[in-house]
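Structures follow.
In the two assemblies presented below, chain A is common to both, partnered first by chain B and then by chain C.
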Partner chain A sequence: MRKLLVKHIAIGLLVVFGALTLTFVLVRMSGDPTGLILPQDASAAQRAQLRAQLGIDKPLLSQYFSYLGGAARGDLGKSYFDSSSVSAVVLRYLPNTAILAAASFALTVLVAVPLGTLAAMRRGGVLDRVVQAVAVVGNSVPSFWSGLLLLQVFAVTLGWLPTFGTAGVASLVLPSVNLMLYLFPNMARLTRASVLNVLPMPYVDTARTKGASEGRVMTVHVLRNALLPVLALGGVQFGSLLGGAVLTETVFAWPGVGTLAVHSISRSDFPVVQGIVVYVAVIFAVVTVLTEVLARAANPRLRTAV
Partner chain B sequence: MTSATRENDSPLLTVEQLSVEFMTPLGTVAAVNDFGLSIGRGESVAIVGESGSGKSAAMRAVLRLYPENRRTRIRGAVAFDGVQLATLSNRRMREIRGDRMALIAQDALSSLNPSLTVGYQLTEALRIRKGWSAGRCRKRAVELLDLVGIPSAAERLKDYPHQFSGGMRQRVLIATGLALDPDLLIADEPTTALDVTIQAQILQLLRDLRQETGMALVIITHDMGVVAEIAERVTVMYAGAVVESGGMRDIFTSPRHPYTEGLLNAVPRSDRRAERLASIPGSPPSPTTRPSGCRFHTRCAYARADCASVPAGLEIVAPGHASACRYWKENFHGAD
Partner chain C sequence: MTTTLEANASKARPSVGVRRFRGVLRHRVPTVIAVLMVAAFAVITVAGDKLAPMDAGAQHLRGRLLPPGSRTAAGSHLFGTDALGRDLWSLVLAGAQTIVVQAALAVVIGTAVGALLGLYCGYRGGRLGDLLILLTNLQLSFPFFLLALAVVGILGASFWLVVFVVALASWVEIARVVHIETREVCQLEYILAVRVMRGSGLRIVFRHILPNVASSILVLGALAFGNAIVIISGLGFIGLSAPSASPGWGEILSDGRDYMASAWWITITPGIAIFLLVLSVNIISEAVRDRLSPN
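Moving on, here comes the complex of A and B:
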C-alpha cells in the first residue's frame, strides 16, 4: 500500500513537472507579451524596460530554472495586470469552483447511480429506455446550449432562480444541474452496464439462497462490486470539475477557475494561465492518487495483487 | 439437526410435475419437463445427467430462484415439509431458503462475493435471519470453518475468497450453506472444478457432515463415481426429464434405461480392462428442439420404430425403481 502510494505520488510529481515545462515552452513560443500589455505606440525603450521588469530578457534556460525554482516554493510569478501573485489570484477563484464541483458531482452521483441501477434491474423496460434516451441527448447537447436553455426556462420565463451570480444556494442550482446533465450520461451508462455484468454472477444467487432480501442483495452484493468501475470514472469526472468547468462557468457567470482561465487567456495574462495549468495538473494528480486509494479500500482483490 | 430426531415418515421435499420453460428470441426452451423427486429426511439423493439436462434448473426452480417474469414459466408442485412453496410470500420463501434449505452453487470462486470477507459471508445468513451480534457470528464462523476442515480458522475470517485455494474455497462455500443448520443441502457439482484428491476430500466432508447434522443432501453431478460415493438414491435426467430413478445399488447393478447404462459404461473401472471407454454416441439434443417420442431414441442403441413417435413415461420396474424406457423388459431381460 505504502509502496503504491509512493509510486503514485512520484507519477503525480512527474505529471506536474511535465505540465510546468510544457506551459513554459508554450507561453514562450506565443511571442512577446509586451506588445499586448503596452499600448501600440510604446517606444522600444519602454518595451525593453518592461521586458527587464518581467524577467523575460534573460536567457531562456535561466528563465526556466528560476521559474521551476519559484514553482517549487509555490511562487508562480505575478499577474501582468494585477499586482497580486498568481497563487493568490487562483486561490481567489478556487472556492467557487470547488463549491460548484462538489454540488454538481454530488447531484450527478445521486441521480445517475440510482437511475443506472434501476435501468439495469428492469432492462428493456420503460425506465431503461428513458435513461438511455436521456443519456444520448445529454451526450450530444453542448453545455453552453443546455445552460442557455436552463436559463431561459427557469430564470427568465419562470423566474424561479437567479440568472447568474454566487448569492446563496439558489444561484448554485442551475449551474449544478447543467454540469449534471453533462456528467450524467457516462455515469448512468457505466453504472447500468456494470450492474448488468454483476447481476448474473453466481454470488448474487448465493446471497439469495441465504435468504437475503432483494434490497440487501442489490446493495451489499451487487452495487458493492458494480460500483468499482464507477468509482474510477467518478475520480476522473470530479478531477475535471475541479479544473474548472469553462463553458458552464462562463454561461452562468460563475466566478470560478474556468472563468478566470478564459479571462486571462483573452487578455494574455500568461503567468495566470500558466498558474491555472499547473493548478489543474496538481489537482488531477491528487485526485488520481485519492481515487486509487479509494479503489483499493473498496476492492480487496487489488490489495493483494501488488 | 431437528430433522434427524423427528419421528416423521412424510418426505422432506416432494417435487411433482415440475416444468421450467424460458421464452427466448429463439423460441421456447424447455429446460425441465415433468420432473418429479421425493427426498426423505436425512436422505442423500443424486441427480445425474449431462450438462444441459436440466438438473440445476430443476433445483433452482425448487428454491424459487428464478425471477418471476413473462420470460420464465414454472409449473408444478413443490412441497417442503408439507408446505406448498408456490403459495408462500417472497418473505416466507426467503425464510425457508435461509433456514431450511441451502444451495451450494457450482463454481466456488464466482459463488463467493469477491468484495466481502469470508467471515462476513459465512455468517450473513445468521445476521439476516437471526439478528446475531458480530461477536456471536464470529464464534460461529470459526466453528463453521473448523467443521469443514479449514486450518487456523480464526485467522482466516478476515481473508477474501481469492486468497483461498480452489478446494478451500469449496469448503468455505459448503460452510456458508451450513450456517443455519439446514434440513436440506443442495450441492450443485460440488467437486467438478477440483482435482481428484481434493474431490475425494470434499466428498468425505459431505458424508461426515451428513452424519453429524442429519441433514438431507441432494447432489447434482454428471459423475457416476461421485454418485457411488455418496448417494442412497439416484435420479437420472436426460434432456430435461427423469429417465430413471431408484436406489443407488439398483441403478448401478441393474439399470433399466439405455441412457443410464450408457453413463455407467462410460465410467472407468478397475475390474474391467478396456482399450477405450465406451461413450454414448451423438450429443444431447438442444433444449429448443427436443426429439419427439422418447427423447433418447436418437442416441439409443436399442431404439425401435415406434420410439420416435410414442412418448415415454416413467414405469415402475421394481419397488422403488422406475424407468422411462417402454421396452425395459425386452432390453434388459436377464441382463443382471
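Moving on, here comes the complex of A and C:
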C-alpha cells in the first residue's frame, strides 16, 4: 500500500515536470514575444534589449534549465504586462477558484450521494429511472450552455440572483449549481452502482438479522463500504475543479484561475498561462495523494494489503 | 386508419416480424430517435449550407435581434435573428460542418491510435504495457480542458491543431480499456492454441483479439465523439476556434451572451444543437453497451 502512495507521488512529480516542459516548448514555439509587448514602431535595439531582459537571447537549452531552476525555487517568471510575478498573479485568483470548488463539490456530494443511494435501494423504481435519465441528460449538456440557461432564467428573467461577479454568497449560488449539474451524473451513477454491489454482501444480512435498524444498516454497514470508490472519484473531481472550471468561471465571470487563463490567452500573456498550468499540475498531484491517504484512513483493508 | 385497425383486430395475432418490430420500438424508442437524430445531423453536416433557408452570412441591419417566428423581406425567421440580423436557423445549419468534421476526424484518429496502442501493448505485455499505463496515468493526472486551452491558446487555433488536441482527449480511455481487455483475452486458451500453431502476431491481434474488444472500441468511440463536440464548442465559446466561413455553435453562443436581456433566443438554438447531438450519441453508446453486456 505504501508502494501505491509512492507511485502517486512519483506520477505527480512527473506530471509537474511534464507541465513545465510542455509549456516551455509551447511558449517558445509561439514565436518572438517582443512583437506582443512592444509597440509596433519599436526599434531593433529596443527589441534586442527586451530579449536580453527576458533571457530569450540565450541558447534554448540554457533557457530551459534556468526556467526549471527558477520553478524549483517557486519563481515562474514575470507576466508580460503586469509588473508582478506570475506566482503573485496566480495566487491572487486561486482563492476564488478554491471557494467555488469547495462549494460546488459539497453541493454535489449532498445531492448525488443520497439520490444515488436511494436509487439503488429502490432499483428499477421511479426515482431510480429519474436519476438515471437525469444522469444521461446531464452528461450531454455542455457546462457553458447550462450556465447560460441558469443565468437566463434565474438572473435575467426572474432577477433572483446576480448575473456575475463575487458579490457575497448570492453570486456563488449559480456557478456552484452549474458545476453540480456537471459533476452529478458520474457521482450519482457510481454511488448507485457501488451500493448495488454492497447490498447483497453477507455482512449486510448479518447486520439485519441482528436487528439493526434499516437506517443503521444503510449508513454504518452499506454506505461506509460503498462510498470508498466514490471517494476516489471525488478526489479526481475536486482536483479538476481546482484546476479551474474554465467554462463555468467564464460564463459567470467568476474571477478564478480559469477566467485568468482565458483572459491571459486573449492578451497573449503566456508566462501567466504557463504558470497556471504548472500550479494546477501541482495542486492536482497533491489532491491525488491526499485522496489516497484519506482512502487508507477510511478503509482499514487497504492498510494491511500488499 | 380505421380499416387497418379493424384488419389488425380481425387477425388473431400479428406476425412474428411485426411483433418483434413493436417490441423493439417499445423498448428502444429513445435509441431509435437517437439514431434518426444522428442521421439528421449527418445530413446537416454534408449539406447544411444548402438546406439553410437563407444565406447564413447575410446581414440585415434592419432585422437585428428579431424574436423567433418573425418575418422579414428575407423570409420567416423560425428561430429569430442575431445581433447582425443573420437568420439563426441558417447559422446553426451552416455552423455544423466544421465542428462535426473536426470531431469525427479527431475521434477516428484518437480511437485508431488508442486501440492500436492498447492492442499492441496488451499483446506484447511486459515493459511496453507498463509504459502505456504510465502514459495514460500521466495524461489523466491533469484537467484536460485546461491543457487543450493552453495548447490551442498559445499556438493559435487552426483546423488541424484543434483536431490534434481533441484526438489527444480521445485516445486515453480507449487505450486503457483495450489494453486491459486484450490482456484478459490473451489469457484465453484459444489464443495459446493459435500461438502453438505458430499464427503470426499480426494475425493473432487482428483476427483473434480485435473482434473481442471491438464492442468496447465502438462504445467508447461514440462517447468520445460526444465529448469531442463539447470540447470543440467549448473552445469556440472562449474564442479559440479555427477560422471558418461560418461561426461555430460555441461562437454563436458566446456572441449571444451580450444580448441575454434583450434576445434570449440567440443562446438557445445553438445550445440545443450541441445538446441534441451529444445526447443522441450518448444514448446510442449506452444502448450498444446494454446490448453487449446484459448486466
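By our rule, the second predicted complex is superposed on the first by the 293 of 306 C-alpha atoms of A that agree within 3 Å, B and C clash if a C-alpha of one lies under 4 Å from a C-alpha of the other, contacts with A are read in each partner's own complex, and residues count from 1 in each chain.
Throughout what follows, a contact is a pair of C-beta atoms (placed from the backbone, for glycine too) under 8 Å apart; a residue touches a chain by one contact, two chains touch by 3 or more.
Nothing here was measured: the structure is a model prediction, and the numbers come from that model.
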item	value
Combined model on chain A where chain B meets chain C, clash or fit	fit
Touching partner for A:Val156 - first (chain B), second (chain C), both, neither	second
Touched partner set for A:Ala285, first chain B, second chain C, both or neither	second
Between chain B and chain C, more extensive residue contact with chain A	C
First, second, both or neither for A:Ala19, with chain B first and chain C second	second
Angle at the Cα centre of chain A, taken between the Cα centres of chain B and chain C once the superposition is applied, in steps of 10 degrees	80
First (chain B), second (chain C), both or neither touched by A:Asn225	first
First (chain B), second (chain C), both or neither touched by A:Gly74	neither
Chain B versus chain C as contact partner of A:Ile11, first or second or both or neither	second
First (chain B), second (chain C), both or neither touched by A:Gly168	neither
Partner chain in contact with A:Pro59 - chain B first, chain C second, else both or neither	neither
Minimal inter-chain CA distance - chain C and chain B, angstrom	14
Touching both chain B and chain C, residues of chain A	none
Chain C-touching residues of chain A, taken from the complex the two chains share	11-12, 14-15, 18-19, 23, 26-27, 29-30, 136-137, 139-145, 148-149, 151-152, 156-157, 239-240, 243-244, 246-247, 250-251, 258, 261-262, 265-266, 270, 273-274, 276-277, 280-281, 284-285, 288
Residue ranges of chain B in contact with chain A within the complex	60, 63, 65, 94-99, 101-103, 105-107, 110-117, 121, 124-125, 128-129, 160, 162-163, 173, 176-177, 179
Chain C - residues contacting chain A, complex	134, 137-138, 141-143, 145-147, 149-151, 153-156, 226, 230, 233-234, 237-240, 250, 253, 256-257, 260-261, 264, 267, 271, 274-275, 278-279, 282-283, 286
Residue ranges of chain A in contact with chain B within the complex	201-203, 205-213, 216, 220-221, 224-225, 228, 298-301, 304
